[in-house]
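Two complexes come next, and they have one chain in common, chain A, joined by chain B in the first and chain C in the second.
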Partner chain A sequence: MKVKLSRIFMYIFLSVAAFLSLFPLYWTAVSATNTTPDILAASMTPGSQLIANFTRLLELSSLGRAFWNSARNAVLLTALSVSICSLAGYAFEVYHSKAKDRLMSVLLLSMMIPFAAIMIPLFRLMANMGLVNTTLGFMLPTISTAFLIMLFRQSTRSFPREMIEAARIDGLNEMFIFIRIYIPTMKSTYAAATTITFMAAWNVFLWPRIIMMSPDSVTMPMLISNLMAGYVTEFGVVMLAVLIATLPTILLFLFLQRYFAEGIMGTVK
Partner chain B sequence: MKKLLVLILVLALAFVVIACDNDNGNGDGEITGSVEDGGTITVWCWDPAFNIFAMDQAAIIYQAINPNFEIEIIETPWEQVDEQITTFATAGTLDLLPDIMLVQDQAFQLNVMNFPEVFLDLTDSGINFSEFGAAKTSLSTVNGRNYGVPFDNGVTIMGLRTDVIGQAGLTIDDFTSVTWNDFITLGQQVLEATGRPMLATTAGGADYVDFMIKSAGVSMFNADGSPNLDNNPTLREAIAIYVELVQTGVLVEVDGWDAFIGSFVNDVVAGTIAGCWILGSIQQNPDHEGLWAVTNVPRLNVAGGTNFSSWGGSSWAVTTNANAALAIDFLKHTFAGSVELYDILLPEAGALATWIPAAASTVYQEEHTFFGGQRVAADIINFSANIPTFYFGIFHYEGISALEVAITNILNGADIDAELQAAQEFIEFQMRG
Partner chain C sequence: MKNSAEPSGSTLIKKSGLSLSQKQGLTGWAFLFLAAGLIVLMNFYPMVRGFMMSLQTGVGANMQFSGFVNYTRLFEDPRFRQTLINTFIYLLVQVPIMLILGLILATMLNSRNLKAKGFFRTAIFLPCAVGLVAYSLVFRQMFAFDGLVNTVLVNIGILETGHNWLGTPWSARLVIILGLLWRWTGFNMIFYLAGIQNVDTSIYEAARIDGANVFHQFWKITIPLLRPIILLTAIMSTNGTLQLFDESFNLTQGGPGVSSMTMSHYIFDTAFAGNPMLGYASAMSFAILLMVALLAFLQLKVGDRR
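So, the complex of A and B:
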């Protein structure tokens, strides 16, 4: 009886949590099909304005270009970031020494510095290197993050060392051990790191807003911000843009969610 | 390990050296370049339906005079313009600035005073600033020097639903040129007859108190820049009126800007007060066609109190990185010299001019069916001529923050004088920092 009661409470709690998580998405989807007055009147039912809102969105913004820019930036940054940080995390743990531990502590300290504090010197650096308005200028500051290195380092702790020893005895060099043994074994950590990095790269707003000034380099979050900048906001159009901007991260998460929890917990199967 | 440490230190040093290489652009403030050769002017502004449209139209008009002229408009929301000014000036990368940028009036003086190296002095540029409303040009003037060509009008207007006030036996004339005390009495009649508050505003904001004191030409700061909150009878009166508006239910506080727009689009309140740029939002509900009218705002019962104020609005700034001669010639022949441009902007974008010669145009005399046939544009231009001049000051944003805290506390029962004293001390502390 006691078990049943706790189960009921658990389901109630989970239902509330699911509702709180899904409602904003539902509201966004419904609002994307409604007019501004309908949205401001808190209409909860789908309307008939989806095509009108989409046409207006194409009129007001360069949707295709923004989507392409966001996708290109996010994919490139995720691929580079996950590759470099996994190498670093692996090296910090496998080629372990006291000096490296100290260096890791310094790296972790960098997580405590807010981005706004380094933004201006960073911008100046990029401007002097001629990287304003370039994808490289956008990516360089965030390719290597202390969080991701830490995630890989922690996960590597549960990676069986015997496999490395066995591979070495079989004559495999260090790079091939990493590529052929480490990467396939740690795919759940890679999935988690990919999801986290892709979401951060897709949603990043402040830095591209500073470094990407050309109209050709506008990204999805910048496009949404531009839609909200005028005296009159067309909320249906904004909601449609938000929905379109949310879809890739939802899809990626659904695709990789099987591995996500394992990866975050640092377990190896 | 030592080698690694040395490598890291050398790299860090290299970055610092690169970062400290100071290049302040061509911030000498001289008007350079040539008009005849033409060229491309880069512009930062933010609203495709409004100021971007205006810039596009201005470029078409100017191209008839100067065929070699091209324009590149970069859609840049105001917050981004504000951030970029700070970033570029602080980082010394003024060569990345555009030729022209649109700056919100409330932040114009503040930015010119903080970053004079960004803004070109336009006083002797040949632009006739006397053809703009004095109150409007004063917002982009620092130490008697003009730094901005006024663009859109931020005249504060009161829009009312004639059908709603009609249910209480009132007309728009009853609300025209009244005091706030009269307005509260009339508002209570409407509330009683219809159950609708007159107005809504965003909770925790100080917009109302801000435009009220501006309507009497009073600032939160003295001319020397020192704060003037604790010994300011106009500010005290404005806060007292605001508290009464809320307590009587004539004005309701709502949660956020969307709810504020929703309040009058969705029949929650009987009207709204804001800058005249709110006209676009008012017209979003087609069911309200013919049911709105516009009048001036109530006045404070203090010395110098008027029924005219400003809220928002923006002006064009020319940067020190500009092809200055071309940028100035362009502005001179368009926003500061073309009736034709304003004739297009009013009906197409709802942009009301601050350039006085535009008001004589027949377009400004046209009747507006959404507002029951009222000549809205002509009326608003007349309002704008009567706005008292006003000084924002370099700490305007800090002043607004202090006021927001004070107003919230006063609404929760705190003493006005004690709160204004605390606000004064807060600003003084901020200014020392």
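So, the complex of A and C:
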């Protein structure tokens, strides 16, 4: 009897947690299709205002521009970041030496540096290099992260060394081995790294808020933040913008949940 | 090509007096040179520059050395004190609740013959896919004076009139805490779930036979075995909480006044809004850096104790 009760309690607890987790997302989606009065009346059902809200959103903001900026920035940053960090993580493990291990532990310390502590000098550095409002300026600070290097270093431990030895005997050069043998074998690590890097790059707010100063270089998180701060009173329009900013990462999450989970836990192995 | 990134290596290789393992060692350095260089240039170098800047006062290009003036000023700045207190309220209230909740949820999701496991897991994990700005704005909307929460609470008779959630210091902080719990509990749960799944089920089996109830199992088996992961999540959350920005900036806009503002938000305002005081903002940044380091050190000390 006692066992039964605790099971019921467990289902109730999990259901409440799941409901609370999903509700704000459901409400966002529903509100994107409603008028302001409907939203204020706590309407919980989809309305018919989706097209009207969308038209209004296009009038109020440069949605297309911001979406393109976000997509371009996030895709480029992810591609560069995963390439450079995977090569480094591979090197730290495959060619490892005492000096390289020591360097890795120094690099890991960078994970403890709060972004607030470096954002001002970083901004000045970028300004001196003429990189304000550029994708390169947006990307540079986070192209290489100790976290991603570590993720690849740890996963490389499970990469069969015999494959490298065999390729060397066949006379293949080291870069060729990395590109043609390592990368195809480590697909799931690449998927994990790509998922978490893309999500972080799509959602990042503080750095673009500093470095992307012209209206032309606004990203999606900045666009929705500006909409709200501009006291747009059409809530349905704001919620539609929030929904559009969120959908890409939600879809990515739903399709690649396993890789996302592997990615965030990459260094715990 | 492969050695071109390592200046000393390229000349050495040509003489070909190198053993195979030395060659491979140099290839390794060449492969990691760019990544390591970028971290030094984009993290350590700005950190040093930031420290130098924190010893200067002045506006824009007119900065001069002034010793630790910026640091003593921290102690006399009531706004800094308030943002420091706020950040620690978030840290001390939100992080423990989140970690315990994450542990409980992970334990439940690990129980045998639970139905719809995948659904519960995905649902609770899903908020992690939502951007910080996006969820901040959703919460801002829900807790607005004429927003959903007030409408529902008044309709079902819990409140007589709406409460000004974002206009009252304590409830504004509470809304930020609720937002953080919503966004990050599932994130931590996933870590614990992975950890619990690595625990040999026969340990629980044996405990059950010995008559240990669910709470005993949780307290005596799950928590001790997950200790390294709990430590890791605690350090990550502490680090993240001390750097909170998006929520403060977008959800409450730091208000009312500065009563829910975080330290990063105040630094941002000091450095980039109105009359920029880069030296003082840098000093505040270094205060955060010191706190992150100190708290991580403390947690490692406490967490490693046997």
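Note that the second predicted complex is superposed on the first by the 225 of 269 C-alpha atoms of A that agree within 3 Å, B and C clash if a C-alpha of one lies under 4 Å from a C-alpha of the other, contacts with A are read in each partner's own complex, and residues count from 1 in each chain.
Convention: a residue touches a chain if its C-beta (ideal position, glycine included) is under 8 Å from a C-beta of that chain, and two chains touch if they have at least 3 such contacts.
All figures in this text were calculated on a predicted structure; none of them were measured in a lab.
Trainee: By residue count, which of the two partners contacts chain A more extensively, chain B or chain C?
Mentor: C
Trainee: Could you say whether A:140 touches chain B, chain C, both of them, or neither, answering first, second, both or neither?
Mentor: The answer is second: A:140 touches chain C but not chain B.
Trainee: Figure out whether A:150 sits in contact with chain B (first) or chain C (second), or with both, or with neither.
Mentor: Neither: A:150 stays clear of chain B and chain C.
Trainee: Touching A:210, do we find chain B (first), chain C (second), both, or neither?
Mentor: A:210 sits against chain B and chain C alike.
Trainee: Check the residue A:242 against both partner chains and state whether it touches chain B (first), chain C (second), both, or neither.
Mentor: Once the two structures are laid over each other on A, A:242 reaches chain C alone.
Trainee: Once chain A of both complexes is superposed, is A:218 in touch with chain B (first), chain C (second), both, or neither?
Mentor: First partner only.
Trainee: Given the touch rule stated above, what does A:129 touch, chain B (first), chain C (second), both, or neither?
Mentor: So A:129 only meets chain B here.
Trainee: What is the contact status of A:40 with respect to chain B (first) and chain C (second): first, second, both, or neither?
Mentor: In the superposed model, A:40 contacts both chain B and chain C.
Trainee: Taking the superposition on A as described, I'd like to know which of chain B and chain C A:121 touches: first, second, both or neither.
Mentor: both
Trainee: Go through the superposed model and pick first if A:230 touches only chain B, second if only chain C, both, or neither.
Mentor: After superposing on A, A:230 lies in contact with chain B but is clear of chain C.
Trainee: Would you please give the residues of chain A that touch chain B in one complex and also touch chain C in the other complex?
Mentor: Chain A residues touching both partners: 40-41, 119-121, 124-125, 209-210, 225, 228-229, 235.
Trainee: Using the touch definition from the top, list the residues of chain B that touch chain A in their complex.
Mentor: 1, 4, 15, 18-19, 21, 46-50, 72-80, 83-84, 86-87, 90-93, 96, 258-259, 261-262, 265-266, 277-278, 280-281, 284-285
Trainee: Across the complex, what residues on chain A touch chain B?
Mentor: 36-37, 40-41, 60-61, 99, 119-121, 123-125, 127-129, 132, 209-210, 213-215, 218, 225-226, 228-233, 235
Trainee: With touch defined as at the start, can you tell me which chain A residues reach chain C in the complex?
Mentor: Per the stated touch rule, the residues are 6, 10, 13-14, 17-18, 20-22, 24-25, 27-28, 31, 39-42, 84-85, 87-88, 90-92, 94-97, 100, 103, 107, 110, 112-122, 124-125, 140-146, 149, 173-175, 178, 199, 202-203, 205-206, 209-210, 220-222, 224-225, 228-229, 235, 238-239, 242, 245-246, 249-250, 252-254, 257, 260-261, 264-265, 268.
Trainee: Write out the stretch or stretches of chain C touching chain A in their complex.
Mentor: Chain C reaches chain A through residues 1-2, 24-25, 27-32, 34-39, 42-47, 49-50, 53, 104-105, 108-109, 111, 114, 119-120, 122-135, 137-142, 146-148, 151-152, 155, 182, 185-187, 190-191, 194, 214, 229, 232, 239, 242-243, 245-246, 249-250, 253, 263-264, 267-268, 271-272, 278, 281-282, 284-286, 288-289, 292-293, 296.
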